[in-house]
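One structure, as structure tokens, below. Some questions next.
Chains: A, B, C, D, E and F, in written order; residue numbering restarts at 1 for each.
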Amino acid sequence: MTDTHKLTHVDETGAARMVDVSAKTPTVRRAVAAGRLATTADVVALLRDGELPKGDALATARIAGIMGAKRTPDLIPLCHPIAVTGVTVDLEVTDTGVEITATTKTTDRTGVEMEALTAVAVAGLTLVDMVKAVDPAASVEAVRVLHKEGGKTGEWVRP
Amino acid sequence: MTDTHKLTHVDETGAARMVDVSAKTPTVRRAVAAGRLATTADVVALLRDGELPKGDALATARIAGIMGAKRTPDLIPLCHPIAVTGVTVDLEVTDTGVEITATTKTTDRTGVEMEALTAVAVAGLTLVDMVKAVDPAASVEAVRVLHKEGGKTGEWVRP
Amino acid sequence: MTDTHKLTHVDETGAARMVDVSAKTPTVRRAVAAGRLATTADVVALLRDGELPKGDALATARIAGIMGAKRTPDLIPLCHPIAVTGVTVDLEVTDTGVEITATTKTTDRTGVEMEALTAVAVAGLTLVDMVKAVDPAASVEAVRVLHKEGGKTGEWVRP
Amino acid sequence: MTDTHKLTHVDETGAARMVDVSAKTPTVRRAVAAGRLATTADVVALLRDGELPKGDALATARIAGIMGAKRTPDLIPLCHPIAVTGVTVDLEVTDTGVEITATTKTTDRTGVEMEALTAVAVAGLTLVDMVKAVDPAASVEAVRVLHKEGGKTGEWVRP
Amino acid sequence: MTDTHKLTHVDETGAARMVDVSAKTPTVRRAVAAGRLATTADVVALLRDGELPKGDALATARIAGIMGAKRTPDLIPLCHPIAVTGVTVDLEVTDTGVEITATTKTTDRTGVEMEALTAVAVAGLTLVDMVKAVDPAASVEAVRVLHKEGGKTGEWVRP
Amino acid sequence: MTDTHKLTHVDETGAARMVDVSAKTPTVRRAVAAGRLATTADVVALLRDGELPKGDALATARIAGIMGAKRTPDLIPLCHPIAVTGVTVDLEVTDTGVEITATTKTTDRTGVEMEALTAVAVAGLTLVDMVKAVDPAASVEAVRVLHKEGGKTGEWVRP
């Protein structure tokens, strides 16, 4: 295992720390993360139901995800507070649940993938909250980064 | 579809609302939720590595999960602020990642499963943050309620 | 000026304090507050526009108002943290803007009107944020309590 | 209605989003917003009362307004977190209430008027909280931008 | 060392947890904590200076302390969120600095001394912030509980 | 007393304000602050106890300190929100307690010593919370800046 295979957030004695990024150059960075609400056909019918008022159910999750992205440094202990410059949360109702995709951008010294992952997780939890009276077994699945670009490490695409 | 098959968090016109629970009786309630960090054997070795200082990596996730439980009403738009009376977050390193289990308790008017789910999700995201330099593909899987008890609906065990 | 004509949140020396309510009995309390986004006919047309996708504009304000109610003790220095047990935010698009009405409930030792007022103000500011590119002069007007009930002082209706 | 007459915070399908400002240049920006606490002569007398200790009543509102400006991205869902570089909140007791003026500055990619408006609203709500035992009908009126400058759109003065 | 000599916030394996207090009875509890800003004669003169406008310097610290008490569960990882029912922060300018005393009350399942200590610490840090341009060596000293009462353990007075 | 001997956070009328730093140049800045948990030999033995699981006790304080640094602008009313680019919190168990040292870095327009002091204070309070069942008289002592550098005023070392 090489030197690059280290947990960067703990020092050589194992103590947690917020890594010093002062010397890094601010650059435009972008991350895309995704996840999925897994639920029943009943819930899918309720969410899909062509009637317009249902809009709030998805809107609530979308807004929770966007706001969640902004709370990332409050939630993830060793994350740097960064200047999030854009967030979108896309929700697509499928036959087995809701596909959640979040895209985040920044012009800062460190990557924005934790913000995208947090947006996905919070949107997913908000969907669970809204459907749990109908489906108490609803779950949030596969919260993961799909793509990131910008910064020293450059582009990464999920294999 | 029966009356019980409704999304309780939107009213008949589809507008989001925080459901009125004033008339409910405070009772002891408990919820258990779980999830999993899926990662590589390399990361598992780093987390497992018998050397004690590594403790902080898991401790950071445990504490983030506990603190995350307390932030639930700030994150999930329609959740009631409740008096969380106990939280534990258990982490077990396995061959393919980390199993995350959170138990939350309250003595309030509404259930505490969103707090347990939020603890799991935040602990999972914190683990991703700590290992992402080694495994950028690490993901949080299967965030779900295992068990809940207390309140009018009584006990529910994941089928 | 009688004894009841005092600013309760400052003591006899003028120092700010959070008033001690330990001895008060928890009771069901309810408050209704209102306010108005004043904007142009152009914006009204955009908000009203029958096309369904526009739903998010109002949904965003509704959710911001509900979440804002929960943040009241973080924002208003001398407010007690209370167990908000229900919040609704109603938005009605009129010819001159949007009428905002918030209803909050609690079962606690002190009133819930500041939570209702905060919900109205935050919903109003969110609407301003969404329309300001079209109408930079949009304003939030007449944020006020309409009605409150519960607690020792009983019912109050705006004259 | 031209293309510039769009609600920028919802996309073409109506979904809420945080607009991407990564490509904008950081510049010094300044905004001034105002509002008014409308209350009774009794309250005005209490606030004006030459006796010095009363200072805390106005100081509490001033500080709440300044702190509120910093909470703007937590409250307004689609607001970007920006680096607020200065805030003042001025309060002037008049015969019919308190005139509230907030000035905010930033050196960032987007305007600072929502921060100024939030400072005014929170200061106003704090004043309501402090006087509501004497005047339960106190209201916050006319929360609006007076002036903004900096950025691509340049100066705007309330007509 | 007896069983009562344990760190209650870590379990038998050493893992941090929020202790379960569900079974405890809510009772009125009160705590008094104190601390001291240690600074120079120059700063004392500025704070004391009979001229009234200086009021804001102390008012800012008083309000920060009160608001800080409410943020305790957000700051101290294993603290329970409790219903704070009253907070006062007293500041007394002495020849060598400012004596800070905070009194907190609750009617809940667990003690309120962490809230009193947090109020003192935040008030002290706020004073440091205000005087640091004049005295960069200003410090916060002796943040400690003086007295607590209520709950199963009853009264405790600092020896 | 010269002009430089002013409380910068209040204006000439004594009103609190967030000082305008828009015109300052972002530079790398660094601060080191320290403090001490004073406690009994019993507690020291519990914290020191070679057995590894105890790790969480110190890890909890370390993480609370790091997260506390990020909450500084939420706690200290007149502090600017700044881009914290690195935080470490070091804890050293001594015969009479725990020495706490925090180092913070930023690349912004204003200093980072309040963030370092807040990290120390929050880590100290967290330690008090963890040991208070064993030592209710535990205190946080001597929270002070040791060193700062960067910015117009350059280096300052505690005399």
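What we mean here is this: a residue touches a chain if its C-beta (ideal position, glycine included) is under 8 Å from a C-beta of that chain, and two chains touch if they have at least 3 such contacts.
A quick map from chain label to UniProt name: A, B, C, D, E, F = Cyclic pyranopterin monophosphate synthase.
As the structure is a prediction and not an experimental result, all values here were calculated from the model.
Enquirer: Tell me which chains count as touching both subunit C and subunit E.
Expert: B, D
Enquirer: Compare the contact pairs of B-E with each of A-C, D-E or C-E and report the one sharing over half of them by residue number.
Expert: Checking each pair in A-C, D-E or C-E, only one repeats B-E, namely C-E.
Enquirer: What's the call on subunit B versus subunit C, same or different interface residues, using the half cut on shared numbers?
Expert: Under half of the interface numbering overlaps between copies: different.
Enquirer: How many angstrom lie between the CA centroids of subunit E and subunit F, rounded to a whole number?
Expert: Roughly 16 Å separates the two chain centres.
Enquirer: Which integer distance in Å separates the CA centroid of subunit A from that of subunit D?
Expert: Between these chains, centre-to-centre, one finds 30 Å.
Enquirer: Indicate the residues of subunit B shared as contacts by at least two other chains.
Expert: In subunit B, 15-16, 52-53, 55-56, 59-60, 62-64, 67, 71, 74, 77-78, 81, 83 touch at least two other chains.
Enquirer: Building nodes from the protein chains and edges from chain pairs that touch, which of line, ring, star, complete or other describes the result?
Expert: Its topology fits none of the listed shapes; call it other.
Enquirer: Report the residues of subunit F in contact with subunit E in the complex, numbered from low to high.
Expert: So the residues of subunit F touching subunit E come out as 1, 4-10, 13-16, 35, 42, 45-47, 51-57, 59-60, 63-64, 67-68, 71, 74-79, 113-114, 117-118, 121-122, 124-126, 128-134, 136-145, 148, 156, 158-159.
Enquirer: Residues of subunit E touching subunit B in their complex?
Expert: Subunit E reaches subunit B through residues 11, 15-23, 73-74, 77-78, 80-83, 108-109.
Enquirer: Using the touch definition up top, name the residues of subunit A that touch subunit D in the complex.
Expert: It comes out as residues 28, 59, 62-63, 66-67, 69-71, 81, 83-90, 105-107.
Enquirer: Residue numbers of subunit A touching subunit C in their complex, please.
Expert: My answer: residues 52-53, 55-56, 59-60, 62-64, 67.
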